[in-house]
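Note that the chains take the letters A, B, C and D in the order they are written out, and that residue 1 is the start of every chain.
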Amino acid sequence: MSAVVFDHPWLSGLFGDAQMADLLSGARQMAHMLTFEAGWSRACGKAGLFDPELAEKAAQAIESAEIDFDDIKAGMSIDGVPIPRLVKQLKAIAPPETVHKGATSQDVVDTALVMTLRDAAELIAGRLMELDAHLNALEAKFGDAPLMGRTRMQAATEITVRDRLLSWRLPIKDHLVTLDHKRADVEKLQIGGASGDRKALGDKADQVIAEMARALNLAPNDKAWHAMRHGIGGYASFLSLVTGSLGKIGQDIALMSQQGIETISISGGGGSSAMPHKQNPVAAELLVTLAKFNATQVSAMHHTVVHEQERSGTAWSLEWMVLPQMLMATARALKTANELVQNITRIGDKQA
Amino acid sequence: MSAVVFDHPWLSGLFGDAQMADLLSGARQMAHMLTFEAGWSRACGKAGLFDPELAEKAAQAIESAEIDFDDIKAGMSIDGVPIPRLVKQLKAIAPPETVHKGATSQDVVDTALVMTLRDAAELIAGRLMELDAHLNALEAKFGDAPLMGRTRMQAATEITVRDRLLSWRLPIKDHLVTLDHKRADVEKLQIGGASGDRKALGDKADQVIAEMARALNLAPNDKAWHAMRHGIGGYASFLSLVTGSLGKIGQDIALMSQQGIETISISGGGGSSAMPHKQNPVAAELLVTLAKFNATQVSAMHHTVVHEQERSGTAWSLEWMVLPQMLMATARALKTANELVQNITRIGDKQA
Amino acid sequence: MSAVVFDHPWLSGLFGDAQMADLLSGARQMAHMLTFEAGWSRACGKAGLFDPELAEKAAQAIESAEIDFDDIKAGMSIDGVPIPRLVKQLKAIAPPETVHKGATSQDVVDTALVMTLRDAAELIAGRLMELDAHLNALEAKFGDAPLMGRTRMQAATEITVRDRLLSWRLPIKDHLVTLDHKRADVEKLQIGGASGDRKALGDKADQVIAEMARALNLAPNDKAWHAMRHGIGGYASFLSLVTGSLGKIGQDIALMSQQGIETISISGGGGSSAMPHKQNPVAAELLVTLAKFNATQVSAMHHTVVHEQERSGTAWSLEWMVLPQMLMATARALKTANELVQNITRIGDKQA
Amino acid sequence: MSAVVFDHPWLSGLFGDAQMADLLSGARQMAHMLTFEAGWSRACGKAGLFDPELAEKAAQAIESAEIDFDDIKAGMSIDGVPIPRLVKQLKAIAPPETVHKGATSQDVVDTALVMTLRDAAELIAGRLMELDAHLNALEAKFGDAPLMGRTRMQAATEITVRDRLLSWRLPIKDHLVTLDHKRADVEKLQIGGASGDRKALGDKADQVIAEMARALNLAPNDKAWHAMRHGIGGYASFLSLVTGSLGKIGQDIALMSQQGIETISISGGGGSSAMPHKQNPVAAELLVTLAKFNATQVSAMHHTVVHEQERSGTAWSLEWMVLPQMLMATARALKTANELVQNITRIGDKQA
């Protein structure tokens, strides 16, 4: 249990998301790292860099390895990365000369990250599509209803509910398109070796890359992106734009819910310890909060693009602190938006 | 003259960029707004919403209007937007019934913004291409030279200058591709009228949109994006990723310039008031500073995506405060990077 | 276990801090909330608002209550706050008419927060004092050694190790003074009731406040600070300035550790999976990362100061997301700085 | 004229502040720098480091110097600081051996900054006191009126206007107290010389410091704060907390102004180009925008606390980009708040 809202014993009820938490769990990250290491042994075996038979044996041992997380945790504070200890553990159960050799920590950690992002993208895409459908249904039901348009917080001219719903839904459609671009930007193999130049692979580099790309189903590339982090920064920006669009929906709903305005009715809604009669627009507010959270975090992710030399310990670690939280916030916001939109029982001005 | 670095009497020597400043100048913004208003009169004339002859007369008067900026400034603190006063000025010199009618402030301001972004994109693209070429030339000259790879600030394994230069240049190529996407996202007509529903145009809306799109050479669209700001937020993110990639170049060069490391030589370089012998890597540092600046500003642009109802005075105004500065910082960073890279006279380890 | 670094199965080895985690744990937060509720029953009993005997009975039941966290978690997503469910649980074990009546969710949650901040301040103060002592010791040992001063990354003039160490230590001393101010700003009772006006307490308000202040050992005040969050924002700023000062130490050490510079030697230091010979300055880098993390988060805490009306669901929830993480980052940075400074075995230029 | 809102040909009507702009103007900054240089010549003359007679002659020449800003601007892009060119200009009109010797760029620039902050603090304090008085007057007039308390955007229980006004006014009183602390933190002489160790002054350092402190009326100190920037970071945090508190007032007023709520009436108010009947709460919105602006900028100022070695070109320059804007935003917000509060003609629920 954690002091952080996503995993807090009770705050996680508001902020958590079980599905995204599962994708980001240590167990799953470790599975990705083992997939890398097993794939690496095999790929180097096929390329003749490792003895193929021993390499296959290593790959199988790695795939079924039971990793001692506490040992890796103990190594983190010394090494700053989990891989030295992980490799040590793997070498204890597999032919050492066919384990990890020619790769480096960043290859494993970043490739595992990319596999996590692939999982996350599926979840996000699914929820975006679901939200598009729910908003479409809402429009079908209430789209023609009149609604007082409001600009600068003031009544402007009468519009229809459809007009406002379009400003909720069209961004969702755009985000689905953007997600495809962002996936292409980041779902790339990370293989560089010690200083990122693949030198340890010699003339077998292309073969190993091709084999790993096939095995992990990730795009190959000509150069490790160790020190080129604009793709990750752009991905984080996408996440924050998604929560921004959802925050707009939440802010609109919170404003529509005010007594005296009341252009929306929502089933459910939060209680108060002092005023049992109140129906607080908790879900709508949450969307605004999560938007602000991600709009803050995205700044850190842009700072990490200044990634000095062949590997920046500081910038890289900052990604680890921030990106998973942005994924959590995005997933929860999408989940909440889907529920909230379905809970709308009326939208539009009350008619005489 | 301004207290802000981009226009400060002397700090602008370090931070300013005359070309981008020109694109963002009041004179040019006003020209875009007049282009909108003249186009509007004509388009509504053609559509039969306005008397065509009077509308053409209005358009010509608007195109040659001399605007009293002080009057508009005086209106800003009351109206929060320049358009009510601008329209008043235009109505004094053109048939009033064929001026602005059916449009709203945001249509004019946002469409003018988009025309500014189009200008800016040309400048940015040109400088990105120039930088790509300079980095290519550098690689051709010094690419094979050995360089000690550095990871986590520590000597790792020997790489070549090419390896590092690729981590400078490949992002530039990516940014050129992304810029095209971002342009498509934002270079869209903004026409919605009072509450953004184009109602004032009645069944002539499509015709007016088509005519304006043709006249202003901007993409038409089915719905005003008044309250959908993810495109602008994504554009700002792009700018910050560009400065981030340039910041990485700057940080690398600053580190390479240290006595004791000295893996780069640069002509020019800054003087010290106390130590005439020093050669400060001012341009390299500036790239880092501008990257941090934009990485901060981008957060505000993401906050603005929460744009409530049909128009948010608060979120919209925040864009005005931040986006021009991000453009200025990006332009200066590109200019500085181009100069800096050309000033490199040696790169790579000193050889025996 | 969490996807967030502070509680991640292995990343917490680098980023976690067991002592601060304990102070921020759900168990401890709940204990503070129960202290509030028990104190409330007693104070209202003494003031004659509740039957004193029943109130004492309630207080004792509350103090020994075993709370069902899962139930509270279930309530969070509906109510947005833990208190409605908590009160329901308490009323099941204590005379209901003497439980929570006249208070509101924010009174309990914010007062519990302040009790957490008091705990945290003790921890932080202790570690600041420890760091001051370690830096003093370092100065006593190496202060006279020569060191090449570096300005703008370039060798400037020779200084002494003392000169640099003073720029590390003096801020620590300042932060200790500031912490006292910040404690006074926030360690205040939060009691306002439904809309923050204490109306439910009638003419007993002062008596209840005085009694609660005594019982909880917190400063009384004339007005609930529900919607006045500048104190919390200032406290968060303090945390980030502390990590900023530690980040400067880390950045200096990382730069001093570079081969070719080597003006510092540190025992321990991180290993590489690819290059066993390397000694990565992991702890120094971590200080920079944590500084950047807090410098990002502080922005969100400043956004929360815009806390609309009598209670902002959005701004308040954002505090919950961010402030505990800033406390965690600060604690870990202080712990790491203390260890790192003690691990310095040499500082200053190598002498002939 | 500038693309930046504070000095933009018309946007400055909304965002600018003539008084603060004057305090931050190049002319005034230059005057502070000349005050430093003249004081320096005299102080070193008195201490016997310079020939006293020549030093006095230099001081007088410096005080009446007409500086060529364009030359300094030209030097900025090379040197990254204005001082090398400034000193060159001064040496052309004053005995060169009694100009600047023993000082460094940062001494001049930072001390001039502190003199600017002193001016700014007077302006800010005056406006805070004025706002306190206006809010007091508002309370005297409308304090007893009933107002529906609103928590989480929902009607809660009836409070009085006084209750809400206290949450506007009490933070202002706190900020006045904090400002005194912050002034003490930063209004300190900056004198260090080349690497900040005052070595060039030899045993006359204390005398020169004392004399400069007296002449400039700034606090002396034992050590230059070149590389210790937490004071500046804390000052920036203060500015952002002020605009945060004003943003809360603005957000409240914008919400109170909504049709259907209408618990406030304000004279003035903005017009719309499309809807002449509208009264937009422009001033209230502006307060929210400026709060968000500063809440973003404050992050950059915290990043600058990581100020490596004896002088960081990158971190220092980032301060120049951000701090003046925060001062401008704070001044404008205070001015706007004072006007807005005075324009309130009714506050509280409409009564039957």
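As a convention for this text, contacts are C-beta pairs under 8 Å (C-beta built on N, C-alpha and C of every residue); 3 or more make two chains touch, one makes a residue touch a chain.
A quick note: this is a predicted structure, and the numbers were derived from the prediction, not measured.
Engineer: Tell me, please, which chain's centre (mean of its C-alpha atoms) is farthest from the centre of subunit B?
Structural biologist: Between subunit B and the rest, the longest centre separation is with C.
Engineer: Which pair wins on C-beta contacts, C-D or B-C?
Structural biologist: C-D
Engineer: Take the average of all CA coordinates in subunit C, do the same for subunit D, and state the distance between these two points in whole angstrom.
Structural biologist: 28
Engineer: Centroid from C-alpha atoms only, then distance subunit B to subunit C, rounded to Å. What do you get?
Structural biologist: 39
Engineer: Return the residues of subunit D touching two or more other chains; collapse runs of consecutive numbers into ranges.
Structural biologist: Only 80, 150-153, 156-157, 194, 254-255, 270, 272, 274-275, 280-282, 285, 288, 292, 296, 299, 303, 313 qualify.
Engineer: Would you tell me which residues of subunit D are touching subunit A in their complex?
Structural biologist: 148, 150-157, 254-255, 257-262, 270, 272, 274-275, 278-282, 285, 299, 303
Engineer: State the interface residues of subunit B toward subunit A in the complex, per the touch definition above.
Structural biologist: 80, 149-153, 156-160, 163-164, 166-167, 170-171, 174-175, 178, 181, 185, 194-197, 199, 223, 226-231, 233-234, 237-238, 240-241, 244-245, 247-248, 250-252, 255, 288, 291-292, 294-296, 298-299, 302-303, 305-313
Engineer: Which bits of subunit D are touching subunit B when the two form their complex?
Structural biologist: Residues 1-15, 21, 24-26, 69, 72-84, 87, 100, 103-105, 108, 193-194, 200, 254, 268-275, 280-282, 285-286, 288-289, 292-293, 296-297, 299-300, 303, 313-315, 317-318, 320-322, 324-325, 327-328 of subunit D touch subunit B in their complex.
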